[in-house]
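Please find the structures below.
Two complexes are shown next, each including subunit A; its partner changes from subunit B in the first to subunit C in the second.
What follows is the complex of A and B.
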């Protein structure tokens, strides 16, 4: 509470400035170490703005502009509506005035948090599963304001303070860093003043009041900066691989001539922003960027690629192309005139989509320097690429629009599902046991490839069942199912190999091949399901209808094994995601069962005549 | 024999058709059950059991289903696998599955796994079971009798080659200590001041701390509790006896000393990047240093030593190693290669006819 009140008071002591005609190209490229990875400032800004505001722009202000303003003009930034709080319960708990846009400024949010300190303390003692959605939103707001406070205070070392305390220096000091050497002297003067005139400010002359106020500001600046570590922009010229924030450099005394140079450049940047000096801003940001990029361990080409990745967002475009391809494929199947044109366009759309999809994954491999799948999000990207590529192969072999349908359905649905992860930096570092390129490249790629083929087989079964219900040509319908059978065989190859490789990895790192862990059992279930379908087809227990319904339900088995098991292990992913995902997953499974049941009944009745 | 009806029936996929859905249901139930009863109990109940009791109804457990599958597979391979080019892939793939199952069987029957926690410079020549606890009675430092915890039940009398009997008054799978009020009576040792109070068990069985209260004839009533340093010790006729309750221990044919350890995090975060320990193996005259990291265990004399966890938060106080002896560990490697080879052969023969353009 004291911290927040002090913070609000302090922020009002900074000179206000607003700059909007700066060039942000170099500033956006300055490397920063965040969550264990060196990334461009632009990514840091995007991730935080999305987290607070739910979008990556505020009206005409880019994320980088927003970040620069928060860092160098905190007084203005704290009044800007920023924190999105959509939960009505949370608004009521914090006594926040309801707003139509649900946006609250830092000043409003911190005041509400400070006024409800007891509520915060009680919520922090609850474990995540015990929290209601509203309580979770309150805690999120609390965390977000703390995070934003780190950003607001990150450059207070260099910012021009609105205080006027005379000290015995050649040049008049303006920022904390100038005043710091004189603080002991100022403290002595203030102590003498208090001894002489007491604590009552009314008894002080104007210059004496300014001394008391100025020293208070300086002390608060120092106190508020002690754990300011978020903005890790100073490369470790002292060795090791941990970058430090300007304040951390100041507090830890990690100095070197190189560090001093970086610190001076950051100061120039702050001064240029506050003075609204576009030329000086450009010079300072370009110099900072070049200096940090020259540091070993920074890969400028990876930073450029990451900038382009976020600027062009090839994945979103790829998804749009798949959706367009899907519509065009439906046109091809409709039997309307000009089908040939639609078919060519559909192939073109899927081809372009695959290219962008591939570029996305290749960029991530280059930026992160590891195989493409290490997280759930990445598995969605990879599985969809496999499904789309195999769809194209099917189309090339069978030329009956089946492959196009498979590619566009799998591509658009899986990429759509991946959008729910876009709130965080999706390029995250991996924990120790996953931090092995060999197993990521073998087991993980194998099993996710198996998921991809399995989903394709499932979609083909759907197509077969729909064609059967619509009384399409029996020969062509059967040809579709043969494709499904072949795909199921490939899926079995990859899932069983992937599962065994997973066991071998577990044997290598934990000492047991099989431990009946939910994720292992999930993979085993997919293999068993496929083995069951294929054998029962051979033994004659399943004819076309039964086999197709079973293959269609493979999608449910895959969804449960791939995503569903995460719901069993508490704390694996954020609870917000899990709650939502549980419902989506349940709805998906229900819809699949309904589809399988209805088509089975229709075909069964027809077979009985 | 080839014509025997039963053998022919066993070799067909019909058994598989009915067994697999049951096995899948068992796996699914056993997986979801982990959330409620923990991995250890779920594994014991569903996967490592021959019979699963649902009320009074006995259903086949994981081991029985696997055994039936193995028999079916074996008969298929022996009696119903004519060696033809068209089915060569299927034969090889089934051989791979069989190797996998046989490996599982050998592992289930012969492997020992456990852990040892070492502080810096500590040495160990034994390791401990994660789950199995034992009551050990020793005379002058030598073990006389070991009773698995499953046999240590309330009211049980334990007698053996020693001049007293032990009556178990109470036992708990997970206990804590509480103050004992009132007269100390016949209680001896720490039992004069404290008593055991049962706690709800953890789902992760390795976190449970077992304890028992027992009356030793002619001596007194004691408590034995896993984490307690001073467990019942007494003298009868010049011999000193000790009764201890603890994890079952296995001897290593060598000793292991922890020389150094290091944990690395991704810079600026708490996310661990790697764990590394340096140990000294001493085996007779042989002394050898080895480095153990995540994904890179130490293998020595049939034992494998893994980096399991660093204990004690930021200032690591000890390092836990998982130690496994498993004679079946080579099977998955051979099986996966065989299985893949088989499936690849089958796919290359079959796929061109399955995925192709419809004949006009």
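What follows is the complex of A and C.
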């Protein structure tokens, strides 16, 4: 923790300042290796700004501008209110003054963390389930400040140092990298000075004081850099896949003529920023981008696509179109005039929405080079697409607005649910056991397709129950339920097949076909529920009402099996755990049970006369 | 309707397999990419010799070169220099040791080399040991990005940089 205090003092005194009217288009496209894949600098900036601040813009700066400032003007960046800490307990634990906006600068946050060293040590010893919300917030702040420190220090190899120590060099040194060859000589000079005059700075001449201060600055720069590996922008020359940060090249000995060219370009960038030279900045960033896009493993078109993806956010627009489609579909079902126009608009809205939805998923496939179901967030996107597509298919076949209703309800609700997980979505690479395209394309696609059809069947059952309660045409109502029956069959096909494939994958990865893992139990539960419902219907144990209620409650089974198990921090499927949606899930289940109970009662009483 | 559904399911499976085929990347593919990348040719730089004169790196084409970076204040360098010279003396394949000193002063480098010049006189006289001096690290750091010592780059007769040894050459 003393490191943080020393870091603050050193950062605030050592580096020269900035201003900003630059173009960031090229800088944003520079590739960086982060979380196992190569992404544009823009995504790296968005991910970290979202993590610290909760939004993708700060103080009228884009994420890229904010990142550039942090990297090339750390002294200014550390005073900017950045870290969002909303938990009152966490603020109290750290003795932070409560603020209306709950935002704290790096300087404030690190001072608080440094002053509570014992608290940090005790929290780090606890396992995640033992932590309260406040304690988790404190640890998050600690992690975030450590990450941000890495960003602040990432370019200190090249930044202009505010020291003036004469050395016998061809050109006056300005950055650490210029001074480094002369550090042994400077150390010898300082040792001789101390031997002569002792450690009392008051006895030193101004030049001698500057020698002591300068060497201290250089030494601290070196010490603060040893673990600086976040900014992986330089590919390895001597083998391996891990890109290197500038400091990692320095410390690891992985330097080469190729890395020297990259480092020189980064230095040009830093110098241009600190000199507030917009022309030099533009030239340097363009040169760096051009060079970096030629590195092995970099796909410039994927970088461009990723930038467009984050800029245009097609998914948000898709959700808005689904919601508009839902409203228009309700108009179609209401019997009001101009139904034909409303229907055309509804089909158009859903069609446009599904096109954007498909573009979102296709973009992710191209960027990540894997099937689109590796994380909980991605599975929500995929399942919603399946549900919407099947809803449109139903509408094409039956032309009774049922398909439109199913598509819009499923699309808007699932995409809305996905918003809870979008903050954690960084399009990261998957852990090793998941990162096999064969099993992602078979088991996970099958299971999630099954979820999609199951949810559609559940929505159809809801429509049947509502129509029954509203005393709609019995033949039409029965036709709706028949659609639900067929959809349930397809859902059973995919969930069963997917569960079996999952067992084979588990056997290959973990050495056993079935381990009663919560996720495995959840998949089995969906299959058993569907089998029970369908067999009961076939055997006559369930009539329409019972079957419809059971099918409506399939949504609860799927929600608990798909999302609910992720709230449990246990099992081998522990790669998507979150407790954010716990209350929402509980409310959803309660609402579904209430709906099922009320409609069952209404229909039962009506049947009894 | 059932037939349509079957067609839709088959189309979905086909799409999945197509996705699988398109996105499947194996480690073998990665190694093929590495093999096709251009070989790393040593840069065409000229070192200043410690005893005066210059030595262009590309003038050593046709011979295997150990491009070795060291400094007199580097403790492991002392042990390693002896090992390097012993190995060079044993291997009669014409390998050249181009030892580049990063010392600020030439006299420090000469003082370090004195015992080796005496013990391995034959090697030094044969021209298989060339000592260069780069006091401002213009080439050591500016071109080869060596910041710590010792480091050795093995350069083949075709001037391709084959390997880098970080630390003591064992």
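Please note the rule applied: the second predicted complex is superposed on the first by the 585 of 609 C-alpha atoms of A that agree within 3 Å, B and C clash if a C-alpha of one lies under 4 Å from a C-alpha of the other, contacts with A are read in each partner's own complex, and residues count from 1 in each chain.
Keep in mind that, in the parts below, contacts are C-beta pairs under 8 Å (C-beta built on N, C-alpha and C of every residue); 3 or more make two chains touch, one makes a residue touch a chain.
Because the structure is a prediction, the values reported are computed rather than measured.
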With both structures fitted on chain A, tell me whether subunit B or subunit C touches more of subunit A's residues. B
Touched partner set for A:169, first subunit B, second subunit C, both or neither: second
Which of the two partners, first being subunit B and second being subunit C, lies in contact with A:503: first, second, both, or neither? first
First (subunit B), second (subunit C), both or neither: which does A:260 touch? second
Of the partners subunit B and subunit C, which touch A:399 in the superposed model: first, second, both, neither? first
Just to be sure I read the superposition right, which of the two partners does A:180 touch: subunit B = first, subunit C = second, or both, or neither? second
When the two structures are overlaid on chain A, which partner does A:476 contact: first (subunit B), second (subunit C), both, or neither? first
Common interface residues of subunit A - those touching subunit B in one complex and subunit C in the other: 241, 397, 486, 490, 493
Per the touch rule above, subunit A residues touching subunit C in the complex are 168-170, 177, 180-182, 184-185, 237-238, 241, 249-260, 263, 296-297, 365, 369-371, 393, 397, 437-438, 441-442, 445, 449, 486, 490, 493
Complex contacts: residues of subunit C adjacent to subunit A: 1-2, 4-5, 8-9, 12, 16-17, 19-20, 23-25, 30, 33-34, 37, 40, 42-43, 71, 73, 102, 104, 136-138, 140-148, 151, 161, 163-164, 166-167
The residues of subunit B that touch subunit A in their complex are 12-14, 16-17, 20-21, 23-24, 27-28, 30-32, 34-35, 39, 42-43, 47, 100, 103-104, 107, 113, 265-269, 271-275, 294-297, 304, 306, 308, 322-324, 326, 329, 332-333, 335-336, 339-340, 343-344, 346-347, 350-351, 354-358
What residues of subunit A sit close enough to touch subunit B in their complex? 33-37, 229, 232, 240-243, 394, 397-400, 429, 431-433, 435-436, 439, 475-476, 479, 482-483, 485-487, 489-490, 492-493, 496-497, 500-501, 503-505, 507-518, 521-522, 524-525, 528-529, 531-532, 535-536, 538-539, 541, 565, 568
